[in-house]
Structures are given as structure tokens and as C-alpha cells.
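Written below as C-alpha cells is the structure these notes are about.
Should a chain be cited, it is by its letter among A, B, C and D, assigned in written order, with residues numbered from 1 in that chain.
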Amino acid sequence: MDKSKLISKLEAGFPGAVLQVQRFGKTETQCLWIEGKRIREVARGLKEDFGFNILENLSVMQIDDALVLTYFLRTSDPETGNYGECLIVRLSAHLKKPNHALEVASIVDFWATALPFEMEAGELFGIHFVLEGGTKRIVTGLRLPVGWRGYPLRKNYVFPESFSGVRHERAWIEKAGGKK
Amino acid sequence: MNAFLWVSSWLEGFGLEQVESIWILAPLGLIFIFLFIIVPSSMIVAYLDRKVTADFQARVGPNRAGPAGVFQSWADFFKLLQKDRNSEVSWSEELWLAIHTMALYSTVAVLPLGSLMLLVDTDMSVFLPFWAALVVALGTMLLGLSQKTVAGWYGGIRVATQAISGAFPALVAMICVGLRAGSFRWSGLVAIQGAAPLSWTAFSNPFQFIALIVFLVSGLVLLAIPPMDAALSSPDVSGGVAAHLSGRRLVLFKMGRFYSFYLWAVIASVLFLGGWKLPFEISENLLEQGKIQLLHFLELCCLMTKSLILILLVIWGARVNPRTRVDQITDFAWTVLSPFALFALIGASLVAGWGVLS
Amino acid sequence: MSSREILKTELAKLALGPFDSALPGPLRLQMELDGEVIVSAKVETGFIHRGLEKAFERQRWIASISYADRLDPDGPIFGELALCLAVEEIAQLTVPPRAEQVRVLLSELGRISCHMEYLVRVARAVGSDTMIHYVLRDREKILDLFELTTGARYSINFLRFGGIQADITEGFIERILELSELFRIRVKEYNDLFTYNHAFIQRTQGVGTLSSKRVRELGVTGPNARAAGFSADIRKIHPYSGYDKIDFEVPVADLRGLRSGDANDRFLLRLREIAVSTEILRQVAENISDGAFCSRKQGQEIKVPAGEAYVRVESARGLLGCHVAADGGPMPARIQFRTPSHAHLAAIPELLSGTRLEDLPVVLSSLGLGVAEADR
Amino acid sequence: MRRSVFSSVVSYAKDVIWGMRSIFKSCLTAIPYLSGKHDLTKEVTEQYPDPISSKTPDDLPPRSRGMLNNDIERCSGCRDCEAYCPVTCIRVEAEPATDETQIWVSIFDIDFSKCMFCGICTEVCAPGSLRHTRIYGGASPRLSDMVASFGRGPVTETQRAKWAERRKQIEDEKVRLI
């Protein structure tokens, strides 16, 4: 399925969900910007109708004051099971307050491999992934020590001067005017 | 004949006057054997184990303590004595460690070390070390259970299961030898075998040779000696029974392990490889000339060389191959060792019966 | 009526702590045991989280390379290569052919050294310490080669955006050819010691089987996937850094439906991959081209324009993806690594349920886990 | 079809024979190491402090990144290394001087307990005064010993007075020339 036909079918499939279609970086893989609320519907469509049954990577980054979630989806070649084409689906969620935790629908029931990525992003970026039944998955103590406040990977994160009695060198350096 | 008379010959050497009472000779004899034969042999076996293993693995091995690391075992011994146990020891653990070592060193009385240096030479003397090995396995199991740790729990139970499955083929192999020799006394067993290798029981007929191999391997299984020591080795559930022992308790446990290794090699060489039989009637004319100490020494050397060769063979097999799981060891003992042991028994009894009929 | 109901026993709970000789890295297993057999296992990780991805955002571009090779201590070259390829894609830097070939040489050396680390772990789990010493002795030769060219044995920090930091020292190519001869003899010795050894086969066959269907669902990639018959090698699907010019054949376990992907298959596949990597080393080393080793002057700060890139690299453990976003400033905006060890950790609970407690070290070491790269 | 007793016995025997043969074959691989004469089977242990059997600094390849050394004469005090160091383990204090050194680097400390020997500082060092030596034995019982300092030390009052007077002298010459 070449690129333009896939995109037109996608837009037909999910009216209004696809905000923008662009090239990802310098490569020619397609990158779809999706409405944040309708990620589950798009995910179900992509998995069942279009055969993207491998989620290679879920990467989260912060641009200005919005968190951008990027899903790297792959089709799998039927007989060898090898990686087929790649499609990149992105959604951006606005952060009302800098340290405010975000709620994004979880896609674990479509792609089981998403769980470790979601748990890591959830803890380090402060995203509560909402499961199908409405329950929120709040991850604490996976990578950060229990009782650690703040979400480290946020741009506005300030290192605590010390945690449970251990001085944090980085905080003192950045307080003293950071690096040249 | 008083079994401990040979001790008085050594006492004269030290200038003490003739002592008759058994109550003095027996402990002196035991202490003499323990200090001058058991401890050095354990040290030698420990040193050989480390040095030969290093040689196999393109390593240098211990070479700091003494020339070529000869005193490495002494260094380990004293180092371990200084270390103390980090957490307090429950009385039950002390008890079972004591039982474990006592059972092991009770075999000293029965150890076949030479024609004259034979302390206990009863009709059942072949089976005594065998029962002692089973008590050792029981002691190790309860030592593990009394430690109330995961490693001790699993290690202890595994040593017990392994010992049971190793006991049957070892027993049957011993019976084969007894069949040929017609008696289960040490002296009777060795008297049958001549000095020349061909006249040893192992090479007298093929069934006895199978019995030798079965006896050796099932001994390894019975006493959890290196190739079959999955229950005690480090990659097991964090160390097995010996994980939580330290200091002098570890010395006791380790010395026990090496002693059982050495004990099984000595018994195997006495049963199958002609024990302390010296060629060209050296022992007869030495007896006439009354040089008893020299006779003891020569017989001991002959016995030691044979058992050391057996020990080296076992170390060679142990260090190169991976360890097998305990359930695989027990399956191996029941499905491979026992059938071969019974086959050797049938064969040996046929040969023995044929000899009697014709 | 299962044995538990008859004997009316409950499950024993065992937490195998973060630091244990049976574990391949700092992770904790909360297990329920029915006697000798593990009924269920839960994995707790996060003990070696170093905050690498936060560290990238406060370093200059050049310093992030020395952090990228600390992603996986066993295979430092793969993190660096992924990062360099991604930044070169953003900044449209051309890499001279000689630099690409040296990168391939270092990658294959890193792959062999990581597989040898794997052999050491399996040998330790199975309990044969002779094999450990043989493999470590041969691995020393690779680490010496790394030190000869890059200056460090482990975290080499040798790749730069646009090529490599300095040209290879002159004895490098000859010693690589010597090495590939030596490995042919050594792999034969490992075969004698382990592959045909009855005790080893008994210890690893049928242990920790991972069917190729489960491999795809869990997202397991790399040698573990290929041992289950699912052939996906990024060097063939998305060739990078000159791999399309090298002809090599990706080893895949042909299982003919007997058993799928158990510890023995994974071990055999690693040996075959070592052989293939030696073949690649010989091929590239024999016809290495001359010319520049870096398209940028050394020590000059790089100006990365705003943009992003996602690059896939076949590391020794599987598919290593690197997603780099740059906002044009002197420091990277976001560097995220998709590491293969996530999926291997997710496979542990399934592999462990039903195995014996003694097989736990064999199963864990046969997966070739990189716990440091999973926690980042 | 239940396998006949005979064929199961034969397969059993074959299995036992194969097991013993494979164990014996892998045992044979260790035999050549006993002699250890051939360079494939020689002993490889390096007994570290003993220079004969272990690598000394000059056995290491030329590019090996060992402990850092800064030749303070050529150091221009530009503090690039302090800026680029990923683990911020370098501390530099420098001030302009008007004698022949032009720049007086009073403190130049490298904290080797934090340094990860990545070599970036030697790369960005413009005058090339910061170099890796091949010495690798840097262990020490006290943490304070781990900080290597290459600075010239604090500026003494007499030096400051000399510089001020030297600066005044240059001012006078300039006035006289105009």
C-alpha cells in the first residue's frame, strides 16, 4: 500500500482524527498527528484494518509546554514475520500547569509491548495512562526511589538539593550558575 | 591379636617404654592417624584440586604461599580460623555440624591403611564407611534444615535425596568385590589381590571393571563430590548448605568434604586396585627383619599413589564438565548406575560360581 | 486434584534479591514456589536507573556520545553508533567509507565480545568454570584490540558525528585477521566443551522455551528471536553504515517443529553468530578502503539544526532504536533509546513459571539480559 | 505400538555410550593445557603488581587513556575542558597576569574519583596541554588523594605588586611613544 493511498484511507476511516500528515524528519516515512482523545479508536483501526500489529517504540518528549507521544508502528510480513512498513503516529497533550500530571489513553490492550514504555514514560514524564475500564495506571517506585517528588524528564525539573540525606552534586552546580 | 599393637612399635621409636593397655594405645593410634594421615591428606587433596584445576584452565593457580603455593591449604586453614561468624549460631546448627563431622571421622577407625595399621578388621568392616556416608548425608540435610535459610533448606534436602540414590549401586558394587574375595575383611580383600596390576580385582574380569566404574561414580553421587555437587555449589540457590557457614565451622565442613573425597578414593583402591600390596614379597621379609615402621611407610606410599591417581581422575572429570541437576543425578543413579551394578553383580557371581564348580 | 490439593501444601514465597550470583543483573524476582517448581514470578527492575536520558539533555552534543556508550556496558559501540547515525541523519553529515568500515569492524568486535560475555554467564549458570576461563581469555584479545584503537577497553567513546575520532592504529587490521583465525579454533573448542557435551545438553534442552509466536507478541528481537525461528536482523532489513555491501548470512535456528527456542538453541545461535561476525570481520578487514576518517575537523563543536530522526541498529541483544530530537541549541533536546532488553524482561515471568528452581540461573542467563540497558 | 524391549534396551545402551563418549571428548579438550607449552594453551594469568608477568604503563598501546596530566606552562586557562566535561570533575581558577606567563592558572584540579576517562577534555583542549598518560594505577585509600591538582597555586601579594608595577611601566612606555 503506497503512501498516499494509505493516508487517504486513514483519513476516510477516522474523520477529523487526523490533524496533519507530514514526513518524519528527513526520511519519507509518514507521520500522522492524531487528536489526543481519539488515540484508542485510531489504534484499534490501525491494528485490525491496516495490519500494524508490531509497536516498535513509544517515545515521549516535551516541546515548549506540551508532551508529544510518538508511536512507531510496523506491519509484520505474514510468512516470515519480519518487519514490514513503518508508520509513525503522534499526539501532543498540552500541560496546563508545569508540574501537572497528564492523562492519556493507554494502548496496552492493542500492543502488549507498549507496557514497559508506558510505565517508564508514566513515571519519568508524569503521564497517568487511562486503561480501558477507566482506571488510571499511576506508576511510582519503578525507577525513581519511593517518595521522589517531581517528574525528572520534564524541561522545568529542578534537581532536589538532597534526597534522603544524600547531597545531589548536580543541583548545587546548576544553582551556582550552571556551566559556561 | 591386639589391633593396636602397631602403635607400640611407634612408641618405642619415641623412647617410651612398652605399653600394653588398650585404653592408651587406641586413642594414641586414632590421634596419630588423624594428625599424620587424615589432615595432611585433606591438605594435599585441597591443594591438588586447586592447582590441577588452574592448570586445566590456562591459569597459574595458587603460587604465593610457599614454593608453587604448596602451603596454600595451610594459609586457607588459618585464614578461615580467624574469621568469625557474622550472625549468631543456633544450637541446632552446631549440633548437626558436630554430628556431620563425627559421622565422617568415625570412619577413621575402619580406614584400611596397611596390613598392620588396620585398626578394625571385622567381617563387616567394608560396610562401615558406607553406613557412615549415609549418616553424613543425614547430618548435612539436618544441618541445612537447621539453618532456616532458603539455601540451607534446598541444599540439605538435595544432599539427602542424592545420597539415597547413590547408596544402592555403591552397595551392589561392593558386594561384587566381596563375592570374588570370599570375605568382607580388609585383609581378606587385599590378600586375594596380587601386586601386579593384572592380579587386581578390577582387571581380573570385565564385570569387576564395570563394578569399579560404578563404585567410583556412585561414590561421587553418594558423597556429593565435585562433579555431582550441584547441591553445594555456588550457582545453586545462593550457595547451598555451606553458604551461611563461616570461620571454623566452614573449616570443619570443608575438611569433611575433602576427607570424604579422599576416603572414597582409598576404599576404591583397596577394593579394586590392590590396596597396599607390595611387589616381590617386600612386606614378608620386612616383617621378618622387624622393621615395622618402614613396612608401614612403604605400604602407605603404595596406597596413597593409587588413591591420588583416582582423585586426579575425578578432578579432571569434575572441572571440565558442567554440573548436572540433582534430579538428573538421581535419575542417572537409578536408571544407569543401578542396572550396570546389578549386571556386574550377576557377572561376578557367575565367574565366582564357575570357579567353584570347575 | 493437583498434587497441592492432595498434600494440602501452600506455595512458598521467595524474593531472589537484586544482587545474587544467579541473576544476570540487578533485578529482583518475587517468586511463588511449589516445592522445587516455580509457580509464578514477578520481575522488579529499576535498581540500576542512572537517569541517562536526563543526563543527555544537560550535556553538549559531543559529551552525549560518552554517555551513549554507557547505555549497555557489555556492548558500548552500539549505543554510540545509533546516536551518531541519528545525528548524522539530522545534520545531513556524510560519513567517509573508511569510517563506515571501521564502525562495522568495531560493531562486530563488540558483538563478539557481548556474545562471549553471554557464554561466560551461561557457563557460570551451568557450573563449568573451565569454560568461563577459556572464554574470558579469548575475550581479553578483543578488549586489547579496542584499547589499541580507541584507547579504552570498555566504554570506547571513539565514534564522532561524521566519522571516528582518529584513524585506526596501523597494527589493527593485521591483528583482526589473526583474531578471526584464532576464533575459528576457539569456537571448535567451545563446541567440544559444551555443544556436544551430554551434561550440558541435558541441562539446557527444553528449558525456558520461547515459541516464535510468543516472540512476536512480546516484541523479543535479536538472537533470542532468531533462536525461536523468527528471522529479523536489522542489518538486513534496514542496512546502515555499509552493511549492504557485505555479504553475510543471518543464522536462524531451523527448528522443524521439534522444540522452539529453548536455552540450548539460544546458546547454539550465539556460537553461530560469533562465527558469522568473524567472517564479516575478515571480509571488511581485507578490503578496507583508505581516505579520510571523519568528515568534520576534530574537536570542533557541532551545529545540529532543529529536527529529529529515528535510527535502528542491530545490537548484540536485538533491535536498538535511537530517537533524537534537536532544537538547534548546543545541547540535545531529547534522546530516547528503544532497547531490546525491555522485551526480554517482559518474557521472564512466562519463561520461569513451571521451571525448576535449579534451572532459574540457566533460563535467566540464556536470555542474555542487559538489565543496565533496560533501566537506562 | 509399544516399543519392543530389545529396541528400547539398544537405544538405552546407545544413549549411555553417547553420553560417556561426549563427556570423555570434552574432557580431552583440557589435556593439552596440562603441558601449556604451545602458545594456544599457555597460562595467561597476569599477576598485577609483578612487572614481568603483567602490563606496565609502557606495555599499553600509545592511545590508551590513563590518568590525565596537564602541562601548566602551555595551559591557556580557557576553561573549555571544565565546560565540556560530562561529569564536571575539572575545576579551573585563572586570572590574567602581566609577566611572561600571560595567564596565571592558580587552581587546576581534576577529581579522579568522578572522572570517567572519556577523553573529551583532551579533545577540546585548544593548546593541547591536557593529555592522557598511560598510568592506570590511581587507587588510593583516601578520597582526598583522588584530586590531582596541576595549578600554580594562589597569587602572592608580592607577585600582584610586581604585576601592577609592570603594568604601570607598560602604560608609561605607551604614553611616551604617542
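The working rule: contacts are C-beta pairs under 8 Å (C-beta built on N, C-alpha and C of every residue); 3 or more make two chains touch, one makes a residue touch a chain.
Since we're looking at a predicted model, the values are computed, not measured.
Chemist: Average the C-alpha coordinates of each chain, average all protein C-alpha coordinates together, and give the chain whose average is closest to the overall one.
Modeler: Measuring from the global C-alpha mean, the nearest chain centre belongs to C.
Chemist: Contact counts by the stated rule: is the higher one at B-C or A-C?
Modeler: Of the two interfaces, B-C and A-C, more C-beta pairs touch across A-C.
Chemist: Which chain has its C-alpha centroid farthest away from the centroid of subunit B?
Modeler: A
Chemist: Can you work out the whole-Å distance between the CA centroids of subunit A and subunit B?
Modeler: 66
Chemist: Taking the mean of the C-alpha atoms as each chain's centre, how many Å separate subunit B from subunit C?
Modeler: Distance between chain centres, rounded to whole Å: 46 Å.
Chemist: Roughly how far is subunit A from subunit D, going centre to centre by Cα mean, in whole Å?
Modeler: Subunit A and subunit D have C-alpha centres separated by 39 Å.
Chemist: Roughly how many whole angstrom separate the Cα centroids of subunit A and subunit C?
Modeler: Going by mean C-alpha positions, subunit A sits 25 Å from subunit C.
Chemist: Send over the residues of subunit A in touch with two or more other chains.
Modeler: Touching at least two other chains: none.
Chemist: On subunit D, where are the residues touching two or more other chains?
Modeler: 23, 26, 29-30, 44, 83
Chemist: Hey, what residues on subunit C touch two or more of the other chains?
Modeler: Touching at least two other chains: 130, 137, 193-194, 197, 199.
Chemist: For subunit C, which residues count as touching subunit B in their complex?
Modeler: 14, 16, 20-22, 36, 123-131, 133-134, 137, 193-194, 197, 199-200, 202-203, 356-359, 361
Chemist: Using the touch definition up top, name the residues of subunit B that touch subunit D in the complex.
Modeler: Interface residues on subunit B, with respect to subunit D: 55-60, 316-317, 319-321, 335-336.
Chemist: Which of the residues in subunit C end up touching subunit D in this complex?
Modeler: Against subunit D, the touching part of subunit C is residues 55, 59-60, 62-63, 66-67, 70, 130, 137, 140, 147-152, 155, 157, 165-166, 169, 185, 189, 192-194, 196-199, 298-299.
Chemist: So in the complex, the part of subunit D that touches subunit C is made up of which residues?
Modeler: 18-20, 22-23, 25-26, 28-30, 40, 44, 60-65, 83-86, 116-120, 123-124, 126, 132
Chemist: Contact residues on subunit A for subunit C in the complex?
Modeler: It comes out as residues 24-27, 54-57, 59-63, 70, 72, 76, 80-83, 88, 112-113, 115-117, 124, 141-144, 152-153, 155, 157, 170, 174.
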